[in-house]
């Protein structure tokens, strides 16, 4: 945030951004605050929110119910024992909170503290990880555990969509180098690309929906990284490529009857050029909603304009938010529903769809597609 | 197509796609079927179409006349003897059906059965193909023959727009390696790039309009390729580059007074960035209409928004469809005319063009530009 | 321009282009010519303009005042003695005409006549340029001189946004090779990338706003280059990359409190993907208005749609034209103001901003942002 942001307590810098919409709608719809916030009323609004948050109605569970949330999925390391999930289950509460299997920290060899993560995986799985095979078995064991705890999906992040099928001796050799902390950057890139295919293989067997998030250059600002650590907002997109990068994975699993891969990316140029043709062709592919910087009204219009003509609506995954701000969930879905309705109204007014289809499509976009795609 | 498509006989999966529009409009306007198709009426609609197709009015020639088609161009291998074209001519029918010269299968050394294709070229041209020079002479002979049969254009497809001027000894060496079936992938890429320049040279002499189609990764799905062979729909676009790739060709022929090259591509990001500036600058270049995945309402809007401000409308080629479905021809041109009229109305309502220009432009977009560009 | 352009004296080829709008509005608003120009009235309109230009009101200074120009900045070589600027100052006229420091011809080692340019820099600065250090000192001396003459900004053009921090011995070695005219193309690319960082260092000290223009492949057409020389309009954009290329510069200066870098580029795909996230994150970055081929109504809409949701309006630089046609200045700013107002009205009508914010934003877009960004 620019220095001047600290001097200005009003919303000037947020004008025209989705952050403004989310905050305005969340304050109004969840907290009943209708005033436009500015430096003059900042303290009184802060106090009003604080007062609300002490009320029983604003505890997470009543809020979950009032916000009409059917499912909330967390993202959890492969090594997580999911004790909080167990505690929710043990409490007898009926709200559906499920984990998501995110193995990046053990799969990407260039993760800081990778060896510690492997040690944790060893401990939590009870499988001594001494080679590639035992590593794979430990991952399979964790997936089984996550599914028992309600997971329906896994989540994977990579700089690029690069995939490569390593032979087992190649995978083993790289894995052994990593255990000796002597892997090269090329080893790490190839291993990540290989593990994406291996994860697709596991998903084709156990049915977890595989989410793939591509294209963020992480921790771009060294100042932020040194002061605050990783994943503190200094991530910048790069151009991405799917047609060639995904081919090794698609060669093996593209036509599989029991696999769903949802693609997310940060490069809008791929919507029409690569993603929609790929999702229109391969049965396993679905296109995730516009993500991160593109989770916005214009971002959604670009997405719908870019993918539906070629992929069809029914190769999209519907909408899920990835907010970390619990009370902003309704505002985020509201933006999607309005963007969808606006876009469909445009199709209808131009005679491209009839009213019957428009109503069916808005219902699918707002609700059914995401439930079906994620097996919820 | 996804497995569920086979379970659903209605148009659900086509909602919002151009396929839906084409099918709906074709059924209504050509076959007089007004019902929305679904699983319940599928058989009765099929029977109604079948019955129509047995009527004399629905034979190809009456349909050609009723659909008000002025010219229909086929695409034919360089080795084609054009016997069907000769038969049409011999029949005395006045419908204008013309061939288009497509030499990809003899020019791209990595074509399957390239040696057989060269053998056929040898036979059909009557020129023994023993070296690069005789290969070129045979191509020139075929072009002459195609022109005698009515052709006004050639058509070329390549993965990228890469061009390179080989010296004659280099071209000869690569050609000899190909005759020995010992060419490398690099040989094939360089030879394709060289032959694009050589085809431009021929066009500058014989006047055939050169169409260049760039950017499809062919036969992406090995399952489809193994079961059904090449060109069965499993083609996925890749990013394309023109500014550097076309420079060797443009260095030699970019300012030629007697040459037209029409560029088609599958990467919308190039409309404004490379294609419009290139077409605005070089006299030989025209921009083909949005192609394949982008032959759609939104695809057309992106195209017009992307190219006209910089290239001007008069460096575009107008519209031609490339449908394989004969009765869909009117629906496809109708989409273009409506997209054009809608786009021009937008310019007019914002005061960017006056009514006189709007009328002149829609007439050029719907009819005159394509006739002039293709020398029809 | 195509040959047919010479045959047609009407505006046919300009229909739908910004050139048409600028010319029409300039003739009407500056010269009072309301007629639509065509071949029939070409001579009479030419005569009318010529007659106007002889009137005292149409001399540059009265026109400057009538057109209500607050500041006009020229772009000047680092070696320029700014004698014209001195003459304006000496004349006592109050119009604000300021220079801009453009060192490309001494910084980019592959500039034709680079050694002559260095010789001139030596002379004009009075600093004997014998090594990298004295080169840097001479540049600093020129920047000081430009600032004394009113400059608030520098301007830099490069094919790519590549930056690299050379060690002083590396920089010295390359500079010495260049003085011997034995530098390699790689030397030139690395030195340009290094000097961008060095210029950022100077700007962080002296406060000149650094403008960076990326992505034009210059002198693409050899025929134009041979006949008319460099910078004659045959420049074609290429794809650009910022996330990785700017990282070395941003690592050193991205969070600097006293530095402004304005990024201009010719690749619209970067608006949302790289530029907006970078400008939203790094305090030193501002996004320049749509440039060159994109200085147009649709170009502006793409820009605003692409950057504001992520970067916010207040990380954009407002609007400056770069016209070489003095009387076209009002028309160019008018296009920006209308595009901005149209875009804001769209946000307002969809409930994304309220009226208060819309009025504040149009005022900032039309006037305040550019003044603040350029320290005017």
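Letters A, B and C mark the chains in the order given here, with residues in each chain numbered from 1 onward.
By definition in this document, a contact is a pair of C-beta atoms (placed from the backbone, for glycine too) under 8 Å apart; a residue touches a chain by one contact, two chains touch by 3 or more.
Keep in mind the model is a prediction, meaning the values are calculated, not measured.
> Which word fits the touch map of the chains here: line, ring, star, complete or other?
complete
> If I list every residue number at the interface of subunit A and subunit C, are over half of them used by both copies, so same, or under half, so different?
different
> Can you tell me the C-alpha superposition angle of subunit B onto subunit C, nearest 5°?
Result for this pair is 120 degrees.
> From the mean C-alpha coordinate of subunit A to that of subunit C, what's the distance rounded to whole Å?
39
> I need the residues of subunit C touching at least two other chains; which ones are they?
Residue numbers touching two or more other chains: 269.
> For subunit A, which residues count as touching subunit B in their complex?
Residues 241, 243-244, 247, 250-251, 254-255, 257, 269, 272-274, 276-278, 281-283, 305, 308-310, 312-315, 347, 350, 352-354, 356-357, 360-361 of subunit A touch subunit B in their complex.
> Enumerate the contact residues on subunit B facing subunit A in the complex.
Of all residues in subunit B, those touching subunit A are 2-4, 12-18, 20-21, 36, 217, 220-223, 233-239, 266-269, 293-294, 296-299, 302, 342.
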